[in-house]
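Alright, structures below, take your time with them.
Paired with chain B in one complex and with chain C in the other, chain A is shared by the two complexes that follow.
Here is the complex of A and B:
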(Lines of atoms letter the chains of each structure in order from A and count residues from 1; the text may use other names and numbers.)
(Lines give C-alpha, C1' and ligand atoms only; values in the text may rest on other atoms or scores of the structure.)
Protein backbone atom coordinates (compact mmCIF):
# COMPACT_ATOMS: atom_id res chain seq x y z
CA UNK A 1 0.00 0.00 0.00
CA UNK A 2 1.30 3.44 -0.91
CA UNK A 3 2.53 5.86 1.69
CA UNK A 4 0.00 8.42 2.83
CA UNK A 5 0.47 12.10 3.54
CA UNK A 6 -1.57 14.21 5.91
CA UNK A 7 -3.18 15.92 2.91
CA UNK A 8 -4.52 12.55 1.69
CA UNK A 9 -6.56 12.13 4.87
CA UNK A 10 -10.17 13.28 4.97
CA UNK A 11 -12.35 14.02 7.99
CA UNK A 12 -14.91 11.25 8.35
CA UNK A 13 -12.88 8.84 6.22
CA UNK A 14 -13.44 5.20 7.13
CA UNK A 15 -10.49 2.84 7.19
CA UNK A 16 -10.99 -0.54 5.50
CA UNK A 17 -12.78 -2.94 7.85
CA UNK A 18 -10.35 -5.30 9.54
CA UNK A 19 -11.30 -8.86 10.54
CA UNK A 20 -8.99 -9.99 13.34
CA UNK A 21 -8.10 -13.60 14.01
CA UNK A 22 -10.07 -14.17 17.21
CA UNK A 23 -9.77 -17.95 17.14
CA UNK A 24 -9.16 -19.75 20.38
CA UNK A 25 -5.95 -21.13 18.94
CA UNK A 26 -4.56 -17.65 18.23
CA UNK A 27 -5.73 -16.31 21.61
CA UNK A 28 -4.15 -19.23 23.40
CA UNK A 29 -0.81 -19.01 21.59
CA UNK A 30 -0.61 -15.24 22.15
CA UNK A 31 -1.53 -15.52 25.85
CA UNK A 32 1.12 -18.16 26.31
CA UNK A 33 3.75 -16.04 24.53
CA UNK A 34 3.14 -13.07 26.83
CA UNK A 35 3.08 -15.23 29.95
CA UNK A 36 -0.65 -15.23 30.54
CA UNK A 37 -1.06 -18.94 31.01
CA UNK A 38 -4.49 -20.01 32.16
CA UNK A 39 -7.81 -21.31 30.91
CA UNK A 40 -9.50 -17.96 30.37
CA UNK A 41 -7.63 -17.55 27.10
CA UNK A 42 -7.28 -21.18 26.12
CA UNK A 43 -10.24 -23.32 27.18
CA UNK A 44 -13.92 -22.41 26.83
CA UNK A 45 -15.19 -24.98 29.33
CA UNK A 46 -12.68 -24.10 32.04
CA UNK A 47 -13.21 -20.39 31.43
CA UNK A 48 -16.91 -20.94 32.05
CA UNK A 49 -16.01 -22.68 35.31
CA UNK A 50 -14.29 -19.40 36.28
CA UNK A 51 -17.57 -17.59 35.70
CA UNK A 52 -16.74 -16.21 32.27
CA UNK A 53 -19.03 -16.71 29.27
CA UNK A 54 -16.17 -18.57 27.55
CA UNK A 55 -12.52 -18.08 26.65
CA UNK A 56 -11.56 -14.55 25.67
CA UNK A 57 -9.11 -12.85 23.35
CA UNK A 58 -6.43 -10.99 25.38
CA UNK A 59 -6.93 -7.23 25.38
CA UNK A 60 -3.40 -6.45 24.29
CA UNK A 61 -3.83 -8.74 21.29
CA UNK A 62 -6.87 -6.68 20.31
CA UNK A 63 -4.82 -3.52 20.69
CA UNK A 64 -2.23 -5.09 18.42
CA UNK A 65 -4.90 -5.83 15.82
CA UNK A 66 -6.16 -2.25 16.00
CA UNK A 67 -2.62 -1.03 15.44
CA UNK A 68 -2.21 -3.41 12.50
CA UNK A 69 -5.42 -2.05 10.97
CA UNK A 70 -4.07 1.49 11.19
CA UNK A 71 -0.73 0.56 9.69
CA UNK A 72 -2.36 -1.32 6.82
CA UNK A 73 -4.16 1.92 5.99
CA UNK A 74 -1.20 4.24 6.57
CA UNK A 75 2.00 2.17 6.58
CA UNK A 76 4.20 5.23 7.06
CA UNK A 77 2.28 6.55 10.08
CA UNK A 78 3.62 6.55 13.60
CA UNK A 79 1.27 5.53 16.37
CA UNK A 80 1.43 8.09 19.16
CA UNK A 81 -1.22 6.61 21.42
CA UNK A 82 -3.96 4.05 21.46
CA UNK A 83 -6.61 4.25 24.14
CA UNK A 84 -9.17 1.48 24.45
CA UNK A 85 -12.17 0.92 26.68
CA UNK A 86 -13.18 -2.73 27.01
CA UNK A 87 -16.95 -2.62 27.38
CA UNK A 88 -17.42 -6.39 27.20
CA UNK A 89 -15.22 -9.42 26.68
CA UNK A 90 -14.07 -10.26 23.17
CA UNK A 91 -14.99 -13.93 22.98
CA UNK A 92 -12.65 -16.34 21.26
CA UNK A 93 -14.03 -18.30 18.30
CA UNK A 94 -16.61 -15.59 17.57
CA UNK A 95 -16.19 -13.42 14.49
CA UNK A 96 -15.45 -9.77 15.13
CA UNK A 97 -14.83 -6.75 12.96
CA UNK A 98 -12.74 -3.68 13.65
CA UNK A 99 -13.48 -0.25 12.28
CA UNK A 100 -11.74 3.10 12.45
CA UNK A 101 -12.87 6.52 11.36
CA UNK A 102 -10.95 9.79 11.06
CA UNK A 103 -12.42 12.25 13.57
CA UNK A 104 -9.79 14.98 13.77
CA UNK A 105 -6.97 16.25 11.56
CA UNK A 106 -4.35 18.72 12.72
CA UNK A 107 -2.42 19.44 9.54
CA UNK A 108 0.06 21.73 11.27
CA UNK A 109 1.03 19.13 13.85
CA UNK A 110 0.54 16.31 11.31
CA UNK A 111 -1.66 14.48 13.80
CA UNK A 112 -4.74 12.44 12.91
CA UNK A 113 -7.21 11.12 15.46
CA UNK A 114 -9.26 8.01 14.88
CA UNK A 115 -12.29 6.48 16.56
CA UNK A 116 -11.85 2.76 16.98
CA UNK A 117 -14.52 0.11 17.49
CA UNK A 118 -14.52 -3.65 17.71
CA UNK A 119 -17.90 -5.35 17.32
CA UNK A 120 -19.14 -8.93 17.36
CA UNK A 121 -21.45 -10.66 14.88
CA UNK A 122 -24.50 -9.07 16.53
CA UNK A 123 -22.87 -5.69 15.90
CA UNK A 124 -22.49 -5.15 19.64
CA UNK A 125 -19.57 -2.87 20.40
CA UNK A 126 -17.20 -4.78 22.68
CA UNK A 127 -14.28 -2.36 22.55
CA UNK A 128 -14.17 1.32 21.70
CA UNK A 129 -11.43 3.84 21.81
CA UNK A 130 -9.30 6.33 19.99
CA UNK A 131 -5.86 6.48 18.46
CA UNK A 132 -3.56 9.38 17.61
CA UNK A 133 -1.14 8.94 14.77
CA UNK A 134 1.43 11.13 13.10
CA UNK A 135 1.56 11.24 9.32
CA UNK A 136 4.18 13.28 7.54
CA UNK A 137 3.24 15.94 4.97
CA UNK B 1 -36.45 19.91 16.93
CA UNK B 2 -34.23 16.89 17.45
CA UNK B 3 -31.72 16.71 20.29
CA UNK B 4 -29.34 13.99 21.38
CA UNK B 5 -29.91 14.12 25.13
CA UNK B 6 -27.05 11.89 26.27
CA UNK B 7 -23.45 12.52 25.22
CA UNK B 8 -20.04 12.57 26.88
CA UNK B 9 -16.95 14.57 26.02
CA UNK B 10 -13.36 14.38 27.21
CA UNK B 11 -14.63 15.97 30.44
CA UNK B 12 -15.91 12.51 31.42
CA UNK B 13 -13.34 9.99 32.64
CA UNK B 14 -14.31 7.53 29.91
CA UNK B 15 -15.17 10.12 27.26
CA UNK B 16 -12.80 10.50 24.33
CA UNK B 17 -14.62 13.03 22.15
CA UNK B 18 -13.80 16.70 21.82
CA UNK B 19 -16.92 18.84 21.55
CA UNK B 20 -15.83 20.56 18.35
CA UNK B 21 -15.26 17.17 16.73
CA UNK B 22 -18.85 16.24 17.62
CA UNK B 23 -20.00 19.39 15.80
CA UNK B 24 -17.81 18.67 12.77
CA UNK B 25 -19.06 15.08 12.67
CA UNK B 26 -22.74 16.08 12.81
CA UNK B 27 -22.29 18.48 9.92
CA UNK B 28 -19.98 16.27 7.83
CA UNK B 29 -22.27 13.26 8.13
CA UNK B 30 -25.46 15.35 7.89
CA UNK B 31 -26.85 13.80 11.05
CA UNK B 32 -30.36 15.21 11.40
CA UNK B 33 -30.04 16.56 14.94
CA UNK B 34 -30.24 20.19 15.95
CA UNK B 35 -28.03 19.86 18.99
CA UNK B 36 -26.96 17.76 21.93
CA UNK B 37 -26.66 17.74 25.70
CA UNK B 38 -23.31 16.96 27.32
CA UNK B 39 -24.14 14.79 30.32
CA UNK B 40 -20.75 14.28 31.93
CA UNK B 41 -20.32 11.51 34.47
CA UNK B 42 -20.53 12.41 38.18
CA UNK B 43 -20.08 16.15 37.70
CA UNK B 44 -21.58 19.29 36.30
CA UNK B 45 -19.31 21.33 34.07
CA UNK B 46 -19.93 24.93 35.13
CA UNK B 47 -16.82 26.25 33.38
CA UNK B 48 -17.03 25.32 29.71
CA UNK B 49 -18.62 27.80 27.33
CA UNK B 50 -19.62 26.31 23.99
CA UNK B 51 -21.40 29.39 22.63
CA UNK B 52 -18.79 30.01 19.93
CA UNK B 53 -19.16 26.42 18.70
CA UNK B 54 -22.94 26.81 18.74
CA UNK B 55 -22.65 29.81 16.44
CA UNK B 56 -19.97 28.32 14.21
CA UNK B 57 -21.88 25.09 13.59
CA UNK B 58 -25.45 26.29 14.12
CA UNK B 59 -26.06 23.68 16.79
CA UNK B 60 -27.56 23.86 20.26
CA UNK B 61 -25.07 22.64 22.88
CA UNK B 62 -26.45 22.26 26.39
CA UNK B 63 -25.03 20.80 29.57
CA UNK B 64 -26.48 18.26 32.00
CA UNK B 65 -25.10 15.48 34.18
CA UNK B 66 -25.14 11.72 34.65
CA UNK B 67 -25.09 10.65 38.29
CA UNK B 68 -25.02 7.25 39.97
CA UNK B 69 -27.57 5.76 42.33
CA UNK B 70 -28.59 2.41 43.79
CA UNK B 71 -30.98 2.10 40.82
CA UNK B 72 -28.24 2.79 38.29
CA UNK B 73 -27.36 5.88 36.33
CA UNK B 74 -29.57 8.95 36.08
CA UNK B 75 -29.42 11.94 33.74
CA UNK B 76 -30.19 15.36 35.20
CA UNK B 77 -31.34 18.25 33.03
CA UNK B 78 -31.44 21.76 34.46
CA UNK B 79 -28.59 21.49 36.95
CA UNK B 80 -28.10 24.58 39.10
CA UNK B 81 -25.51 25.61 41.68
CA UNK B 82 -28.15 24.99 44.33
CA UNK B 83 -28.69 21.41 43.16
CA UNK B 84 -24.96 20.68 43.32
CA UNK B 85 -24.93 21.84 46.93
CA UNK B 86 -27.79 19.47 47.77
CA UNK B 87 -26.34 16.44 45.94
CA UNK B 88 -22.69 15.46 45.79
CA UNK B 89 -22.56 14.52 42.11
CA UNK B 90 -19.19 12.80 42.53
CA UNK B 91 -20.61 10.10 44.78
CA UNK B 92 -21.51 6.71 43.34
CA UNK B 93 -23.95 5.90 46.15
CA UNK B 94 -26.57 8.60 45.75
CA UNK B 95 -30.13 7.48 46.36
CA UNK B 96 -32.57 7.79 43.48
CA UNK B 97 -35.07 9.19 45.96
CA UNK B 98 -32.72 12.08 46.79
CA UNK B 99 -31.83 12.67 43.16
CA UNK B 100 -35.50 12.91 42.19
CA UNK B 101 -36.44 14.97 45.24
CA UNK B 102 -33.67 17.54 44.91
CA UNK B 103 -33.97 17.72 41.16
CA UNK B 104 -37.65 18.58 41.47
CA UNK B 105 -36.95 21.02 44.30
CA UNK B 106 -34.38 22.81 42.13
CA UNK B 107 -36.59 22.83 39.02
CA UNK B 108 -34.54 20.15 37.26
CA UNK B 109 -35.61 16.85 35.73
CA UNK B 110 -34.10 13.46 36.61
CA UNK B 111 -34.24 10.69 34.00
CA UNK B 112 -32.90 7.18 34.67
CA UNK B 113 -30.80 6.26 31.66
CA UNK B 114 -30.21 2.94 29.88
CA UNK B 115 -32.71 1.40 32.34
CA UNK B 116 -32.71 -1.94 30.51
CA UNK B 117 -29.04 -2.61 31.09
CA UNK B 118 -27.77 -4.96 33.80
CA UNK B 119 -26.22 -3.30 36.88
CA UNK B 120 -26.34 0.33 35.69
CA UNK B 121 -29.98 0.32 34.57
CA UNK B 122 -33.01 0.97 36.77
CA UNK B 123 -35.03 -2.09 35.77
CA UNK B 124 -32.18 -4.36 36.85
CA UNK B 125 -32.95 -3.28 40.41
CA UNK B 126 -36.72 -2.92 40.60
CA UNK B 127 -37.35 -6.59 41.50
CA UNK B 128 -35.09 -6.22 44.54
CA UNK B 129 -35.70 -2.59 45.51
CA UNK B 130 -39.22 -2.02 44.24
CA UNK B 131 -40.58 0.52 41.78
CA UNK B 132 -39.13 3.90 42.75
CA UNK B 133 -41.46 6.79 43.39
CA UNK B 134 -41.33 9.94 41.35
CA UNK B 135 -39.92 8.61 38.08
CA UNK B 136 -41.84 10.00 35.11
CA UNK B 137 -39.36 9.72 32.26
CA UNK B 138 -36.72 7.09 31.40
CA UNK B 139 -34.30 6.77 28.51
CA UNK B 140 -35.93 4.10 26.37
CA UNK B 141 -33.54 4.38 23.42
CA UNK B 142 -29.85 4.41 24.27
CA UNK B 143 -27.25 4.30 21.52
CA UNK B 144 -24.84 2.28 23.65
CA UNK B 145 -27.35 -0.39 24.68
CA UNK B 146 -28.06 -3.66 22.93
CA UNK B 147 -31.41 -4.07 21.21
CA UNK B 148 -32.68 -6.44 23.90
CA UNK B 149 -31.69 -3.95 26.61
CA UNK B 150 -33.67 -1.20 24.91
CA UNK B 151 -36.55 -3.66 24.59
CA UNK B 152 -36.55 -4.18 28.37
CA UNK B 153 -36.57 -0.40 28.80
CA UNK B 154 -39.42 0.14 26.33
CA UNK B 155 -41.63 -2.64 27.71
CA UNK B 156 -41.18 -1.62 31.32
CA UNK B 157 -41.68 2.06 30.53
CA UNK B 158 -44.88 1.21 28.72
CA UNK B 159 -46.26 -0.85 31.59
CA UNK B 160 -45.35 1.81 34.14
CA UNK B 161 -46.58 4.65 31.89
CA UNK B 162 -43.25 6.45 31.80
CA UNK B 163 -42.41 8.77 28.94
CA UNK B 164 -39.28 7.86 26.97
CA UNK B 165 -36.36 9.88 25.68
CA UNK B 166 -33.50 8.89 23.38
CA UNK B 167 -29.79 9.59 23.58
CA UNK B 168 -26.69 8.21 21.93
CA UNK B 169 -24.62 7.84 25.13
CA UNK B 170 -21.70 8.63 22.87
CA UNK B 171 -18.19 8.50 24.27
CA UNK B 172 -16.41 8.76 20.92
CA UNK B 173 -17.09 11.21 18.11
CA UNK B 174 -18.60 8.84 15.58
CA UNK B 175 -21.25 7.58 17.99
CA UNK B 176 -23.14 10.84 18.42
CA UNK B 177 -26.69 10.96 17.08
CA UNK B 178 -27.37 7.22 17.12
CA UNK B 179 -30.47 7.90 19.21
CA UNK B 180 -32.16 11.20 19.98
CA UNK B 181 -35.36 12.86 21.12
CA UNK B 182 -37.77 14.77 18.93
CA UNK B 183 -39.59 17.72 20.46
CA UNK B 184 -42.64 19.46 19.10
CA UNK B 185 -41.43 22.86 20.27
CA UNK B 186 -38.34 24.89 19.40
CA UNK B 187 -35.72 24.61 22.15
CA UNK B 188 -33.00 27.21 22.55
CA UNK B 189 -32.01 26.85 26.21
CA UNK B 190 -31.86 24.37 29.07
CA UNK B 191 -34.79 26.16 30.71
CA UNK B 192 -36.98 25.45 27.71
CA UNK B 193 -35.72 21.88 27.46
CA UNK B 194 -36.68 21.27 31.10
CA UNK B 195 -40.07 22.86 30.49
CA UNK B 196 -40.74 20.65 27.47
CA UNK B 197 -39.62 17.53 29.32
CA UNK B 198 -42.04 18.38 32.11
CA UNK B 199 -44.83 18.92 29.58
CA UNK B 200 -44.11 15.57 27.93
CA UNK B 201 -44.03 16.91 24.38
CA UNK B 202 -41.37 14.57 22.99
CA UNK B 203 -40.67 11.10 21.62
CA UNK B 204 -37.48 9.04 21.37
CA UNK B 205 -36.10 8.23 17.94
CA UNK B 206 -33.40 5.86 16.72
CA UNK B 207 -31.08 7.00 13.94
CA UNK B 208 -28.87 3.90 14.09
CA UNK B 209 -29.96 2.50 10.74
CA UNK B 210 -29.36 5.83 9.05
CA UNK B 211 -25.81 5.93 10.38
CA UNK B 212 -24.80 2.39 9.38
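Here is the complex of A and C:
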Protein backbone atom coordinates (compact mmCIF):
# COMPACT_ATOMS: atom_id res chain seq x y z
CA UNK A 1 0.00 0.00 0.00
CA UNK A 2 1.17 3.52 -0.79
CA UNK A 3 1.34 6.31 1.75
CA UNK A 4 -1.94 8.15 2.30
CA UNK A 5 -2.93 11.70 3.00
CA UNK A 6 -5.96 12.58 5.10
CA UNK A 7 -7.76 13.59 1.90
CA UNK A 8 -7.43 10.03 0.55
CA UNK A 9 -9.53 8.66 3.42
CA UNK A 10 -13.29 8.31 3.00
CA UNK A 11 -15.91 8.11 5.71
CA UNK A 12 -17.29 4.56 5.82
CA UNK A 13 -14.26 3.18 3.96
CA UNK A 14 -13.51 -0.44 4.80
CA UNK A 15 -9.88 -1.48 5.22
CA UNK A 16 -8.71 -4.60 3.38
CA UNK A 17 -9.60 -7.71 5.41
CA UNK A 18 -6.62 -9.01 7.40
CA UNK A 19 -6.19 -12.69 8.19
CA UNK A 20 -4.04 -13.01 11.31
CA UNK A 21 -1.85 -16.00 12.06
CA UNK A 22 -3.79 -17.58 14.92
CA UNK A 23 -1.83 -20.84 14.88
CA UNK A 24 -0.89 -22.41 18.19
CA UNK A 25 2.77 -22.13 17.17
CA UNK A 26 2.55 -18.36 16.64
CA UNK A 27 0.58 -17.89 19.90
CA UNK A 28 3.15 -19.95 21.78
CA UNK A 29 6.20 -18.16 20.32
CA UNK A 30 4.65 -14.76 21.02
CA UNK A 31 3.69 -15.70 24.58
CA UNK A 32 7.25 -16.85 25.23
CA UNK A 33 8.65 -13.59 23.84
CA UNK A 34 6.59 -11.49 26.25
CA UNK A 35 7.18 -13.81 29.20
CA UNK A 36 3.73 -15.43 29.33
CA UNK A 37 4.79 -19.04 29.14
CA UNK A 38 2.02 -21.42 30.11
CA UNK A 39 -0.33 -23.99 28.63
CA UNK A 40 -3.14 -21.53 27.95
CA UNK A 41 -1.13 -20.20 24.99
CA UNK A 42 0.80 -23.32 24.01
CA UNK A 43 -1.09 -26.58 24.62
CA UNK A 44 -4.76 -27.28 23.85
CA UNK A 45 -5.06 -30.32 26.09
CA UNK A 46 -3.40 -28.74 29.11
CA UNK A 47 -5.43 -25.56 28.61
CA UNK A 48 -8.60 -27.70 28.75
CA UNK A 49 -7.34 -29.23 31.99
CA UNK A 50 -7.27 -25.65 33.33
CA UNK A 51 -10.96 -25.29 32.44
CA UNK A 52 -10.43 -23.33 29.24
CA UNK A 53 -12.01 -24.35 25.92
CA UNK A 54 -8.49 -24.77 24.48
CA UNK A 55 -5.32 -22.77 23.96
CA UNK A 56 -5.85 -19.14 23.05
CA UNK A 57 -4.11 -16.35 21.17
CA UNK A 58 -2.77 -13.69 23.60
CA UNK A 59 -4.90 -10.55 23.63
CA UNK A 60 -1.95 -8.26 23.02
CA UNK A 61 -1.01 -10.27 19.92
CA UNK A 62 -4.50 -9.64 18.55
CA UNK A 63 -4.08 -5.97 19.37
CA UNK A 64 -0.74 -6.03 17.54
CA UNK A 65 -2.41 -7.62 14.48
CA UNK A 66 -5.07 -4.90 14.45
CA UNK A 67 -2.35 -2.25 14.49
CA UNK A 68 -0.43 -4.02 11.70
CA UNK A 69 -3.65 -4.09 9.64
CA UNK A 70 -3.92 -0.30 10.02
CA UNK A 71 -0.26 0.19 9.08
CA UNK A 72 -0.67 -1.99 5.97
CA UNK A 73 -3.59 0.22 4.89
CA UNK A 74 -1.89 3.51 5.80
CA UNK A 75 1.87 2.88 6.15
CA UNK A 76 2.62 6.48 7.08
CA UNK A 77 -0.04 6.73 9.79
CA UNK A 78 0.81 7.16 13.44
CA UNK A 79 -1.23 5.34 16.04
CA UNK A 80 -2.52 7.69 18.72
CA UNK A 81 -4.60 5.16 20.64
CA UNK A 82 -6.17 1.74 20.40
CA UNK A 83 -8.72 0.30 22.80
CA UNK A 84 -9.72 -3.34 22.50
CA UNK A 85 -12.40 -5.27 24.33
CA UNK A 86 -11.82 -9.00 24.66
CA UNK A 87 -15.40 -10.21 24.35
CA UNK A 88 -14.52 -13.90 24.04
CA UNK A 89 -11.35 -15.98 23.66
CA UNK A 90 -9.63 -16.14 20.28
CA UNK A 91 -8.97 -19.85 20.01
CA UNK A 92 -5.64 -20.91 18.56
CA UNK A 93 -5.70 -22.99 15.37
CA UNK A 94 -9.09 -21.55 14.35
CA UNK A 95 -9.24 -19.14 11.42
CA UNK A 96 -10.20 -15.56 12.20
CA UNK A 97 -10.53 -12.39 10.17
CA UNK A 98 -10.05 -8.76 11.09
CA UNK A 99 -12.00 -5.84 9.69
CA UNK A 100 -11.96 -2.11 10.20
CA UNK A 101 -14.08 0.77 9.02
CA UNK A 102 -13.52 4.52 9.05
CA UNK A 103 -16.04 6.08 11.43
CA UNK A 104 -14.77 9.65 11.71
CA UNK A 105 -12.36 12.00 9.92
CA UNK A 106 -11.12 15.28 11.37
CA UNK A 107 -9.24 16.86 8.49
CA UNK A 108 -8.11 19.87 10.52
CA UNK A 109 -6.55 17.74 13.26
CA UNK A 110 -5.54 15.05 10.72
CA UNK A 111 -7.18 12.37 12.87
CA UNK A 112 -9.04 9.29 11.61
CA UNK A 113 -11.13 7.04 13.84
CA UNK A 114 -11.66 3.38 13.05
CA UNK A 115 -13.94 0.68 14.42
CA UNK A 116 -12.17 -2.68 14.64
CA UNK A 117 -13.46 -6.24 14.83
CA UNK A 118 -11.93 -9.70 14.96
CA UNK A 119 -14.32 -12.57 14.24
CA UNK A 120 -14.09 -16.33 13.98
CA UNK A 121 -15.31 -18.56 11.15
CA UNK A 122 -18.86 -18.49 12.58
CA UNK A 123 -18.70 -14.70 12.28
CA UNK A 124 -18.82 -14.38 16.06
CA UNK A 125 -17.04 -11.22 17.18
CA UNK A 126 -14.30 -12.14 19.65
CA UNK A 127 -12.49 -8.80 19.90
CA UNK A 128 -13.79 -5.35 19.11
CA UNK A 129 -12.27 -1.96 19.49
CA UNK A 130 -11.53 1.48 18.25
CA UNK A 131 -8.37 3.20 17.10
CA UNK A 132 -7.38 6.81 16.48
CA UNK A 133 -4.60 7.48 14.02
CA UNK A 134 -2.92 10.55 12.63
CA UNK A 135 -2.36 10.90 8.89
CA UNK A 136 -0.60 13.95 7.54
CA UNK A 137 -2.24 16.15 4.89
CA UNK B 1 -22.95 4.50 42.00
CA UNK B 2 -22.93 1.96 44.85
CA UNK B 3 -21.35 3.08 48.11
CA UNK B 4 -18.69 0.34 48.18
CA UNK B 5 -17.53 1.24 44.66
CA UNK B 6 -17.37 4.92 45.60
CA UNK B 7 -15.25 3.99 48.62
CA UNK B 8 -12.88 1.94 46.46
CA UNK B 9 -12.56 4.82 44.01
CA UNK B 10 -11.80 7.28 46.80
CA UNK B 11 -9.21 5.00 48.36
CA UNK B 12 -7.38 3.69 45.28
CA UNK B 13 -7.81 5.78 42.11
CA UNK B 14 -4.85 7.75 40.74
CA UNK B 15 -2.43 6.58 43.43
CA UNK B 16 0.78 4.90 42.20
CA UNK B 17 1.29 1.49 43.79
CA UNK B 18 4.15 0.18 41.66
CA UNK B 19 7.21 1.65 39.92
CA UNK B 20 9.38 -0.50 37.65
CA UNK B 21 12.11 0.07 35.08
CA UNK B 22 11.95 -1.50 31.63
CA UNK B 23 15.05 -1.68 29.40
CA UNK B 24 13.81 -1.60 25.79
CA UNK B 25 15.81 -4.15 23.81
CA UNK B 26 15.93 -3.82 20.02
CA UNK B 27 15.97 -7.57 19.31
CA UNK B 28 12.78 -7.97 21.34
CA UNK B 29 10.90 -5.03 19.80
CA UNK B 30 11.83 -6.25 16.31
CA UNK B 31 10.63 -9.80 17.04
CA UNK B 32 7.45 -8.40 18.60
CA UNK B 33 6.77 -6.35 15.45
CA UNK B 34 7.51 -9.32 13.16
CA UNK B 35 5.15 -11.62 15.05
CA UNK B 36 2.40 -8.96 14.91
CA UNK B 37 2.74 -8.76 11.12
CA UNK B 38 4.32 -5.31 10.90
CA UNK B 39 6.24 -4.75 7.67
CA UNK B 40 7.42 -1.14 8.04
CA UNK B 41 11.18 -0.62 8.27
CA UNK B 42 10.81 1.81 11.18
CA UNK B 43 9.77 -1.17 13.34
CA UNK B 44 12.10 -3.79 11.84
CA UNK B 45 15.34 -2.12 10.80
CA UNK B 46 17.63 -0.88 13.59
CA UNK B 47 19.42 1.32 11.04
CA UNK B 48 16.24 3.15 10.01
CA UNK B 49 16.31 6.85 10.98
CA UNK B 50 12.98 6.50 12.83
CA UNK B 51 13.63 3.06 14.35
CA UNK B 52 11.14 2.50 17.17
CA UNK B 53 9.09 -0.14 18.94
CA UNK B 54 5.73 -0.87 17.34
CA UNK B 55 3.08 1.12 19.20
CA UNK B 56 1.43 -1.73 21.11
CA UNK B 57 4.76 -3.07 22.40
CA UNK B 58 4.26 -1.25 25.72
CA UNK B 59 1.21 -3.48 26.28
CA UNK B 60 3.62 -6.38 26.81
CA UNK B 61 5.39 -4.62 29.67
CA UNK B 62 3.91 -5.75 32.96
CA UNK B 63 4.41 -4.08 36.31
CA UNK B 64 5.28 -6.01 39.44
CA UNK B 65 1.61 -6.27 40.38
CA UNK B 66 -1.77 -5.62 38.74
CA UNK B 67 -3.62 -4.43 41.86
CA UNK B 68 -2.58 -2.73 45.10
CA UNK B 69 -1.49 -5.23 47.74
CA UNK B 70 -4.42 -4.38 50.03
CA UNK B 71 -7.09 -4.30 47.32
CA UNK B 72 -10.14 -6.41 48.37
CA UNK B 73 -10.67 -9.76 46.63
CA UNK B 74 -14.09 -10.00 44.98
CA UNK B 75 -13.49 -13.10 42.90
CA UNK B 76 -11.35 -14.25 40.00
CA UNK B 77 -10.44 -11.55 37.51
CA UNK B 78 -10.62 -12.06 33.76
CA UNK B 79 -8.69 -10.12 31.11
CA UNK B 80 -11.40 -7.98 29.51
CA UNK B 81 -9.37 -5.69 27.31
CA UNK B 82 -6.33 -3.58 26.67
CA UNK B 83 -5.85 0.03 25.72
CA UNK B 84 -2.77 1.90 24.54
CA UNK B 85 -2.21 5.63 24.20
CA UNK B 86 0.93 6.79 22.38
CA UNK B 87 2.36 10.25 22.91
CA UNK B 88 5.93 9.75 21.60
CA UNK B 89 7.78 6.79 20.06
CA UNK B 90 9.48 4.25 22.32
CA UNK B 91 13.08 3.99 21.18
CA UNK B 92 14.98 0.69 21.58
CA UNK B 93 18.08 1.11 23.72
CA UNK B 94 16.30 3.41 26.14
CA UNK B 95 15.05 2.58 29.63
CA UNK B 96 11.45 3.38 30.55
CA UNK B 97 10.01 3.89 33.99
CA UNK B 98 6.52 2.45 34.40
CA UNK B 99 4.31 3.88 37.13
CA UNK B 100 1.15 1.91 37.87
CA UNK B 101 -2.14 3.15 39.33
CA UNK B 102 -5.80 2.24 39.18
CA UNK B 103 -7.36 4.48 36.56
CA UNK B 104 -11.04 3.53 36.95
CA UNK B 105 -13.31 1.26 38.98
CA UNK B 106 -16.98 0.76 38.13
CA UNK B 107 -19.68 -1.88 38.34
CA UNK B 108 -22.44 -3.18 36.10
CA UNK B 109 -25.26 -5.36 37.34
CA UNK B 110 -26.92 -7.96 35.13
CA UNK B 111 -29.08 -11.06 35.56
CA UNK B 112 -26.12 -13.08 36.81
CA UNK B 113 -25.13 -10.50 39.40
CA UNK B 114 -22.68 -7.66 39.66
CA UNK B 115 -19.58 -7.37 37.54
CA UNK B 116 -16.79 -5.14 38.77
CA UNK B 117 -14.51 -3.54 36.19
CA UNK B 118 -11.05 -2.33 37.15
CA UNK B 119 -8.71 -0.47 34.82
CA UNK B 120 -5.04 -0.61 35.79
CA UNK B 121 -2.90 1.95 33.98
CA UNK B 122 0.88 1.94 33.56
CA UNK B 123 2.27 5.32 32.56
CA UNK B 124 5.61 5.03 30.76
CA UNK B 125 8.23 7.75 31.00
CA UNK B 126 11.78 8.21 29.74
CA UNK B 127 14.12 10.74 31.30
CA UNK B 128 12.39 13.57 29.46
CA UNK B 129 8.72 12.90 28.94
CA UNK B 130 5.58 10.81 29.28
CA UNK B 131 5.65 8.46 26.27
CA UNK B 132 2.67 6.16 26.54
CA UNK B 133 -0.08 4.63 28.68
CA UNK B 134 -1.03 0.98 28.79
CA UNK B 135 -4.42 0.09 30.29
CA UNK B 136 -5.45 -3.40 31.38
CA UNK B 137 -9.18 -3.92 31.92
CA UNK B 138 -10.08 -6.65 34.41
CA UNK B 139 -13.63 -7.84 35.00
CA UNK B 140 -14.56 -9.71 38.16
CA UNK B 141 -17.85 -11.59 38.57
CA UNK B 142 -18.67 -10.88 42.20
CA UNK B 143 -19.22 -13.95 44.33
CA UNK B 144 -22.90 -14.37 45.20
CA UNK B 145 -24.04 -15.43 48.73
CA UNK B 146 -20.55 -16.49 49.67
CA UNK B 147 -20.19 -18.85 46.68
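Assume the second predicted complex is superposed on the first by the 137 of 137 C-alpha atoms of A that agree within 3 Å, B and C clash if a C-alpha of one lies under 4 Å from a C-alpha of the other, contacts with A are read in each partner's own complex, and residues count from 1 in each chain.
We take it that a residue touches a chain if its C-beta (ideal position, glycine included) is under 8 Å from a C-beta of that chain, and two chains touch if they have at least 3 such contacts.
On a predicted model such as this, the values are computed, not experimentally measured, just so you know.
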Chain B versus chain C as contact partner of A:85, first or second or both or neither: both
Which superposed partner A:64 touches (first chain B, second chain C, both, neither): second
Chain B versus chain C as contact partner of A:32, first or second or both or neither: neither
Broader residue contact with chain A after superposition on the shared chain, chain B or chain C: C
Partner chain in contact with A:5 - chain B first, chain C second, else both or neither: neither
Common interface residues of chain A - those touching chain B in one complex and chain C in the other: 83, 85, 129
Chain B to chain A touching residues, read off their complex: 14, 16-18, 21, 24-25, 28-29, 144, 146, 171-175
Contact footprint of chain C on chain A as seen in their complex: 18, 20-21, 26, 29-30, 33-35, 59-61, 63-65, 67-69, 71-72, 75, 78-86, 129
Contact set on chain A toward chain B in their complex: 11-12, 83, 85, 101, 103-104, 113, 115-117, 122, 124-125, 128-130
Of all residues in chain C, those that touch chain A in their complex: 28, 31-33, 35-40, 54-56, 59-60, 62, 79-86, 135, 137
